[in-house]
Every structure is written in structure tokens, then in C-alpha cells.
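Order as written gives the chain letters A, B, C and D; numbering starts at 1 within each chain.
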Amino acid sequence: MYETIGLWVAAFFTLAIYSFLYKENPIYRLAEHLVVGISAGYGIAITWEITLEPRLIQPLLAGDNWVLLIPALLGLLYITRFIPSIAWLSRYPIAFLMGTGMGIGFPLTMKASVLRQLEAAMAPVYASGMPWFEVLGNLVLIFGTLAALIYFFFSKPHKGLFFGTGSKIGIWVIMLGFGATFGFTVMGRISLLIGRVQFLLGDWLHLIE
Amino acid sequence: MNFWDKMLNIDRRWIFLAIGVVTIIPFLIGIGMPITTTTEVEDIFDFVNELGPENAIFVAFDFAPGTQAECMPMAVGVVRHAFHNDVPVFMTAYFPLSHGMMMAGFDYVTNPSIDGYYQVVEFAEWAHLREAGITTKAELVTEWENEGNVLPENAANWVFEGRDYALLGYAPLFHLVILGMTSSIANQYPEDANGNALIEMPMLNEHKSLREVDLALTTAGSSACMSWITYAREKIGTPIAFGVTAVMATDYYPYIQSGQIIGQMGGLRGAAEYEVLMVENDVTESTGKAFRGMDVQSADHLLIILLIIMGNIAYFAGGAHKRHQMKGRG
Amino acid sequence: MKRTVPLMIVMVGGILMMIQYFIPHQYSQVVFDNYTEWAPIVGAFALLLGVGSLTRVHSHRIKRKAPNWPYSWAVLIPLFGMPFLALIWPESLWGGSDSPSVFHFLFMNIQVPIQSTMFSLLAFYIASAAFRAFRAKSALATVLLLSAVIVMLAQVPIGEIFGPWLQNTGLWILRYPNLAAKRAIMLGVGFGILATNLKIIFGVERNWLGGAGE
Amino acid sequence: MRKDWIMLPAVLILLMFPALTIAQPAEVVAEDSVENLTPIADSLSAEVPEDSVLAGGTDLRPVGREPLEEPGTVLLPPGMVTVADHPNDAGDQLIVVFEPSLSDEGLFAHAVYRREVGQGDDAWALVEVIPAGEPNEFVDGFDPDYPVEPGVQYEYMVAAQDLDGNEYQGPVSRAEITAMGEFYHTGKTRVLFAGGLFIFLIFYYFGRAQRGAKMYLRPIAGIDAVDEAIGRATEMGKPILYVPGLSSISDVATIASLTILGRVAKKIAQYGTPLMVPNRDPIVYTVADECVKQAYLEAGRPDAYDPDSVFFLTTSQFAFVAGVNGIMMREKPATNFYLGMFWAESLLLAETGSLSGAIQIAGTDAVTQLPFFITTCDYTLIGEELYAASAYLGREPKQIGAVKGQDACKAIIMGFITLALILGILDLTAGTHTLDWLRQIVTMPVVD
């Protein structure tokens, strides 16, 4: 019974959203507003249950972790954002999380996304036993990366053999890459539609398995 | 306004209708066109397939409900595969809403209404066996069935909470949680999502930190998956696999080539490939939702390509491009 | 106090954490361990910001009887109702199919379907744009569309009726030219992000201070 | 520009890495740092309590308290244990090497136990089980239940286990050294150099830009088209629409977009063309409003400024799009600018705009949205071009310095890739291994 009601409610709201394709209407607007409220409400409940209760309230009640009051007070400063005269206090917790977050991220990003990628970009073109299309691919990979980097290089005009031809090859490679993104994005959006149709036809109407 | 212009200015609700029809019909017919698999997905499958009860994996549900159609089949596929091979699975969530996704995904694998499901034995139910020192899967199953428990006919096997799976769930600032788990999982999650103490779990005692975990699969619809590379793989070398939405999949090919991830499932296609590999290797008996969706995907892709071609013909044949031109264009 | 202290916090915190990465010593480890304990607590309160502004916007609307104001109740009621339910009935948070709960019901049967469906609307919009807007206006746009068509066909089973070359070409585009382009963009964007981080840490970029009065 | 010589020393520093690598053999433990351990007693009697094995959480059987009766199956006990400090840690790891049991047959695994000096027999903790045949060396301290404390002296004992779970214990060895934390992680030198170089370059160019040095930035196609697009709108007597993205003010793309908006608005003010700027973010709205007002002032036409030209629409993504699309269909603007951060809605905006027949200029750093802009708009600023365009138009030192600094880093990357290509070809033809040498410069082991 519980599940059946659930299915019907879910189907109702699915169709409510699809009704927007025909025309904007009150039911769509209701659904749109509900989703904002529920996701924020869910977020609060989960955060309380998983973070604040076990990591802050329980240790504080146990009485030996008074130092945790510091992050708690810092966190509470967020609320000052709603009191115009002391709204600037809300910058403190933001500054704390932003500064430390960026500090932690800096060397790690440098390593994971710059040095490692540079290393991988310097792969050998040919190894014995490689089929021709892989060798061609490796060449495209090296020249393509180089050319695309030239395209995004702003200190020199795009003229001459190196910068002129390079940036032209670069933009072609970038377009091939964007084509792939385009194709995959179309695929992704349709997959989401498929998911909903599977729900409507399968879970709800039992027309398909 | 000539014929072509009229065609281009057609009410777009007709196109919406076309997409709707083309999406529904193939479902009702059900063709089941075969799918070839790619190395990006095979690498993940083979990696998981090599694992056994002495190993452990993480399956991270790092997506929100909006992209569940793509990400859920991947996560569910890998969890099934791991359960089939008795590999313990830790499940986590990056966002508050993905916590719900984790619960839903687990429910999908263990729901008795789906054939080939895994019958859950909750942590408290087998406490007496645990206290008696029986912690290996094979012994547990024997002992559990000796006590008169019968595996339902449509179930594939038992799964013991704390032995075969742990639902860790969401924690805020999840990248820091990953970082913390590189030294201790129990410090980051004193309790699992069901309120069980992690230190009492046999699987945790065998795999106390990410160092002792053999693979982390992150299924994501945002760049959340990068945290696993930056904070786990680069710190202690945990092998990482990606299951990402198609929209993001093309962006992560550099990480496959650099060896930072062992493989990637991209979108519904990636999930379908995993399902095919599971059937081919007798892990499951039938393919799942992703594979069934691929017929529709084919039809919709054809329709969209057709629309692009028709639109361009109308645009150029109708001369719209001439009216819409700027001087400087080459 | 209003600008200098936050800028100092950012700078000290940022530099400290950067240096911490290079120091494995136990003292530095203690700093880090404490940080990982504190940060989630501070971060958890950030949610209040979102809740606060939602409440403010929608209660204003109701008060002023702004257009469509009754819908604001649809935001406010679940916003406070959900946490309240969880508070008086904590088990309901983890409800499943076998343990009915209002909380779980709202999430699984309203939140999930609405959010999933919202995103799936884009499939319709893409189809419409495919017909009415995606134009091979220039050589570059033509290359883009051709590459897209090949990849789209290669990704679906029906593409195989054109023979294996199509799928191989699709995969080849993904694995080489696409990889090259994405790597270049990634390096460029990566540098951009790192530079922005640096500018914020060292107080050069101060836009983030905005929106909280002077 | 002539001062680009600064790149030379930078590259040279990077090239010094291989030399550094050779100078410091990373993970190899030097002989003399390993202290030999003194045996305390040949204590085969040191019984191990059963629960410590279970607490260790392994699959192994409980320890047999007595060696097996039958002769022949008795294993030779393992030998001494040597301990070295693990480098680059917080003083919580030790490298433990033991002499394995000489028995081949029947040997299942080695169990390594540890206790603090001065503790009793019941304090032995099982810290590692190493299956037979695997290296007789491991790093102790990874187990969060039995952490190694810095400065604490430990004793180790290894036992050989046979297939039935019986243990044959070796001598107890006392570690002469204790674990120590280090103040610098030698495995992270490359990251330090790369990070340092990056910081240096960014601030070097930033400083130069602030001191007013003239710096060249190449022209960008989309920007050249801006004037023409504005002119066209003026000719047609139709308004111009400018969408500064949907993201918040903290987004780099939004900041870049607002700089461009200032320049565009100034031009528009000179021509006297109507402008419309719909906003989704309330804070971006206030900044954009300020920006446009300032532009009209600079153009000398503050009277022409229409306070309704910049307006806030709604925060909901799809409602915002519906609103903007409505404006496009009603007002039929001659030119649409979409600059800033866009998500899935990019498609909807650009589609409606192209149907209304407007000239469209787009720019974003959201890679997934770029393909849609490229195929629907007349000009598209791709990724970083948006930042560069804002620096180019705004001539603000902050932005120009950043673009130049990043260019310098890209130049280094390009240099490496070019060199790798040349060396790769050299290796193929001459059979040398120069590419490996170059890769060494940036290759890092995965280190903690």
C-alpha cells in the first residue's frame, strides 16, 4: 500500500513537470517550489543527524571537548548575515573555510592535474608492436595538445608557422573534442529521459519489464 | 516567409511530441540490440572480477537524484558484482541528497521483489555468530543456514551487514573525509548510516583504512569524483574507477591515459557495457535497466541526427543564412 | 575588523595549509587532524545561510502577497517540516521500503522524481534545438557537428549497422583528439583556478567579501 | 615583452630536477641508519594470548598453545628483527625487516608482534601477518588500532605459522631507534618547485602589470565583432540584450563578464542604443547595475542611463530562461550577448535567440555548454578566451597580470611537450633513452 501510493505520487509529479513542455501551469509551479523546500529540508535533517549531533553535540554533552565550541561559534557567525549591522561577521567562517580549502587544494591540484598530466603528455609516440592507428593517435595527442595550448596562448599574435599554423590546428582539435562533448551531452540528456520513461512505463504502469 | 522558414518556425511542441513517441515505442517493442564493450569499462570489470573475500572496495554514490538514471545502474552493477564475488563493499555519499541515492541503490540490490537479489542479514541479527568468532563469509552462510534460515528462491545469496557491506553514507566536506579515511575509516565514521558501531564490523577490522581497500568506484554527476583522485589516489595510491554521466565523461579521458583512474563508465552506455560484461561472465542472469535503455537511445540519436540534418537543409536552402550575416565573417 | 581580519584569516589559513602539505612532522599532523575535525562543523552551519535566505525571500512574498505567493508555502512547509519530522522521529530518516515513514516518502516520491524529471526535460529541448538552432555556419561548426554525429552513432548499438569502422572512429576521436583538447583546456583552466586561489589567499582578489555590507 | 628572459632561469631550474633525483635516492634506506637490534632472550616461551590475534582482525586460526606433537612438521622459528625509521612521516611509521623462518615446507605466514619496552607478555599486539613467500619487510604504523607513537621504544617478535595455525616464535628484538617525524617531505620537492615557480610567475607579472608595464595581448575574434554588433543594433533601432551568466559573483566567469559589460555599455551609451541586462543573482544584479551606470557616466551621457535597463528576474534557473526567452520574442533584440557562467539553460537561450534572428555573441568557461554556443551563436569565446577578453578590454592590471602569468606557465608546459617529442624521435632513431630522463623531471612516486 505504502509503495503503491508512493508510485502514484511520484508518477503524478513526473507528469506535472512534463506538463511544462506544453505550457506553464500551476501544478508545474507547485512541483518546482516543493523541490526547493524538500531538498533544503532534507539537507538540514541529514546534516544534523550526521554531523552536528554526533560530532558536536554528543562530544560537548560528554563534557570533555569544550574546544569544539570554537568551530561551533565560528559556524554560528554565518547567521549574522541576516543582521545587516553585523553582517560582516559572516565573512569570518567563510574566510576560514575558503582560505584553508584553497591552501589544501593548491599543492594537490598542482600535483594531480598539472604535473601528472604533463607527465602523461610526454608519452612516447611509438613502441614496438603498436598498430598504426595508435601511433597516429599518439601523434595527434602530442601535436593536438601542443596546438590547443597554442590556441589558448595570448601573449603572441596568431601569425607565422608556429603560432599561426599551431593555433589553426589547435582550434580544429578543440572542435573535434567539443564534438565528442556535444555527442555525449545529447546522449546523457536522453538517458535521463529514458530513466523517467522506464519509471512511468515500468514501475508505474507495468507495461514493460 | 518561404516554405523553409515556415518549417523552421514550426511549433516546437511537435518536436517534443516526436521525441516522446520515439522514446516510448522501442520500449514497447524491445529489440535488445547487442552492445560491444570497450576497454575503458572492461578494465573496471576485470579489476573487480579479480577480487575476492579478502579484498574490499568502496562504491561512492556521489550524484544527486537529477542524474540517477545514468549513475544508478553503474553503482548497482558494481555492487552486485562485488556481492557475487563476496567482496566487501563500503558505500559512501558525497552530498546530502546522494545519501538518499545510496539507500535507494542498496535497496535496489537487496529488494526481494527483484529476482537475483541479495538477502540482507542485518547487523544485530547475526550478533551471536559474530560473538562466537565466526566472521568469514563461507562459514557464516553455513552456520546461518544451519540455524534454519532458508535462502528465498529468487535470491542470489545472503549478504551480512558488516561482513559484506557497510552503509557509511554522507558526511560534510567529503573531500576531507576521504583524506581522513586514508589513515582510518572508523575515525571518520564512528557509526554507519544504520547506527551500528563500525569497529565491531569484521570487514572494517580487516580493512581499517583506505590503504587496505583495493578499489574506489565513484559514480558522479559533477566534479565530485575528482576528490577521489586528488585526495585518495595521489596520497596513498588507491586505485580509482570512474562512473560518470555522459556529459562529463569526455572531460576525464586525460585521466585514463595518465593512469590516474583504471577505467571509466561513461553514461548509460558505460553502465550497459558493465551489465553485458556481467551477463557474459555469469555474474547475473539478465541485463538491467541500462541495457534495455540502449534501444531507445539508438532511436533517439537517429532522430536527433535527422533533425540536425533537416534543420540545416532548411536553414541553408531557405536562404536564412544570407539574411543573417555580418560583414566581417570569413 | 570588517575586511582586514577576514583577509588575514584567508591568508594565514591558506599559507598554513600549503606549508602543512610539505611537513610530515607530528606537530603539523596535529594541526591537520584538528582541522579535519573542525571544518565539517563550521561547514555544517553554512547550510543556515541557504535556509535563512529561502525563509526570508518566501516569507516576504507571503507577507507582500507578491504574484504567486501561495506557492511560497510549498517551499516553507517542507523546509521546516522535514527537519522537524526527523527530529521527533529519527528512525524515519533511514526508512526503506519495509519501514514506511513520511520523511522517506517525501524524499523518494516527490524530491527524486521531480528532480530527475526536471533534468530530463533537456532531452526535449536538445531535440528542438537540434532542428532549429544547431547550424553548420562555419567550417569549424561543421567539424564539430560531424564529430558529434560520429560519436553519437558510435555510442549506440544501432551504429554497428554502419560497420565496425564507425565505432572505431568514434572511439578514436574520444581517445586522441578529444583527449588532447581536454588536456589543453584542463591545464589552462587548472592554471586559471590555481591563479585565482593564489589571488584570494594573498588578498589580491577581494570580490568574495562582497554582499555583507561595508 | 623583451623581459621574457625570466623564463630562461625558470626552465633551467626545472631542468635541474633530474640531477636532484640522482642525488637523493628516494626510498632506499641507507645501511648505516639501520641499527642492529640486541636480542633479549631466545624466548620461545613468550606466549601470545589468543585474543590479541583476534583483535588483530585476521582470518587466521587461534594460536595453538603448544607446538605439534609430531616431529617433522615443526617449523624453524624466524630470526631477528631490524627496525629503521620511516622517512617523511609524522613519526608514526617504522620500517621493519625480519629474518624469515628457514623452513619452506608447511610455512603459512609470518606473524609480527610488537609491544612497548617494559611491557609484559600480554601486551604483544599482532601488527602484521605476511604470507609465506612475500617480502620480509613492511611498514609498521598503518593500523589505526595499533599506532606507532613517536619517541616510544618498541620490541618486536616474529612467529612462523604453519597451516594449522600453530606458531613458532622467534627471539624478541628490541628496536634501538624510535620513530621520528621529519620537518620536510623529500618526496614532494617537485610539487614544491612547481608550486613555487607558479607563484613566482603569477606575482612577477602581476607586479609588472601594476607598475604599468605595457603588455601585449593578442586580439580575440569575438571581441572585434562587438563593435560591429552594436553598430548593427543601432542601425536597426533595436535593443541589445546582455546576459551576464547565471552564477554568483564569486565565479571568475561572472567577474570577467561584468568587466566586459562595462566596456560594451560604454559603447552602447555613445551610440544611444537601448540595453537590457536581466539577472538571476541578486548580488550580480547590484554590481551589474553599478557597472552600467558608471559606463554611461564615462561615456558622458549619464542622462541617457535608464534605471530599468538592468533588472533582476528570478533565482529559479528555468523560470529565468523562460523570462529571458519571453523578452527575446517580444522585444526582438538585434544582438544578444551571453557571457559568463551558463549551465543547461545555454541551449534554450541560444535557440530562442537564433530564431529571433539576432546576432549572438557567447562566451563561457563551462566546457559542456560551449559546443551548443558554437553551433548556435555567431561568435563564441572559448574558455580562457573569456578571461583574456575581459583583460583585453578592461586593461585591469589584476587580470592582465594573471593572463600573462598563466601564459608563462603554459609556455613551460609547451616547452616540455616539444622537448619530449624531439627526444622521443631521437630515442626511436638512435636507440637512446633520453625521453625517460626528461619524464623523470616531473614523475613523482605516489607518496604520503
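The working rule: contacts are C-beta pairs under 8 Å (C-beta built on N, C-alpha and C of every residue); 3 or more make two chains touch, one makes a residue touch a chain.
Everything quoted here is computed from the prediction, not taken from an experiment.
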Going from subunit A to subunit C via touching chains takes a minimum number of steps equal to 1
At the largest C-alpha centroid distance from subunit D we find chain B
Per-chain Cα centroid nearest the overall protein Cα centroid belongs to chain A
The chain pair joined by the most C-beta contacts is A-C
Subunit C to subunit D, mean C-alpha position gap in Å, rounds to 18
The distance between the C-alpha centres of subunit B and subunit D, rounded to whole Å, is 24
In whole angstrom, the CA-centroid distance of subunit B from subunit C equals 18
Going by residue number, subunit C touches two or more other chains at 18, 21-22, 35, 39-40, 43-44, 97, 107-108, 111-112, 115-116, 118-124, 126, 128, 130, 132-137, 140-141, 144-145, 148-149, 152, 155-156, 174-175, 178-179, 182-183, 185-188, 191, 193-194, 198, 208
Flagged in subunit B as touching 2+ other chains are 8, 16, 19, 23, 66-69, 97, 100, 171-172, 233-234, 246-247, 250-251, 254, 257, 267, 269, 297, 300-301, 304, 329
Multi-chain touching residues of subunit A, meaning two or more other chains, are 20-21, 32, 36, 39, 42-43, 46-47, 51, 105-111, 113-114, 116-121, 141-143, 145, 149, 152, 174-175, 177-182, 184-187, 189-190, 192-193, 195-196
Among line, ring, star, complete and other, the chain touch graph is complete
The subunit C residues in contact with subunit D across the complex are 18, 21-29, 57, 118-119, 121-122, 125-126, 128-129, 132-137, 140-141, 144-145, 148, 182, 185, 187-189, 191-196, 198-199, 202, 204-205, 207-208, 210-211
The subunit B residues in contact with subunit D across the complex are 8-9, 54, 133, 135-136, 182-184, 186-187, 202, 205-206, 208-209, 211-212, 233-237, 247-248, 251, 323-324, 326-329
Touching subunit A in the complex, subunit B uses residues 13, 16, 19, 23-24, 27-28, 30, 66-70, 96-97, 99-100, 169-172, 190-191, 226, 229-231, 233-234, 245-247, 249-251, 254, 257-260, 266-269, 289, 292-293, 296-297, 300-301, 304
Within their complex, subunit D touches subunit B through residues 54, 57-59, 142-145, 224-225, 228-229, 232, 355, 357, 359, 367-368, 378, 446, 448
Residue set of subunit D touching subunit A in the complex reads 1, 188, 190-192, 194-195, 198, 215-219, 316, 318-319, 322, 367-368, 370-372, 374-375, 382-385, 388, 403-404, 407, 410-411, 413-414, 416-418, 420-421, 424-425, 427-428, 435, 438-439, 442-444
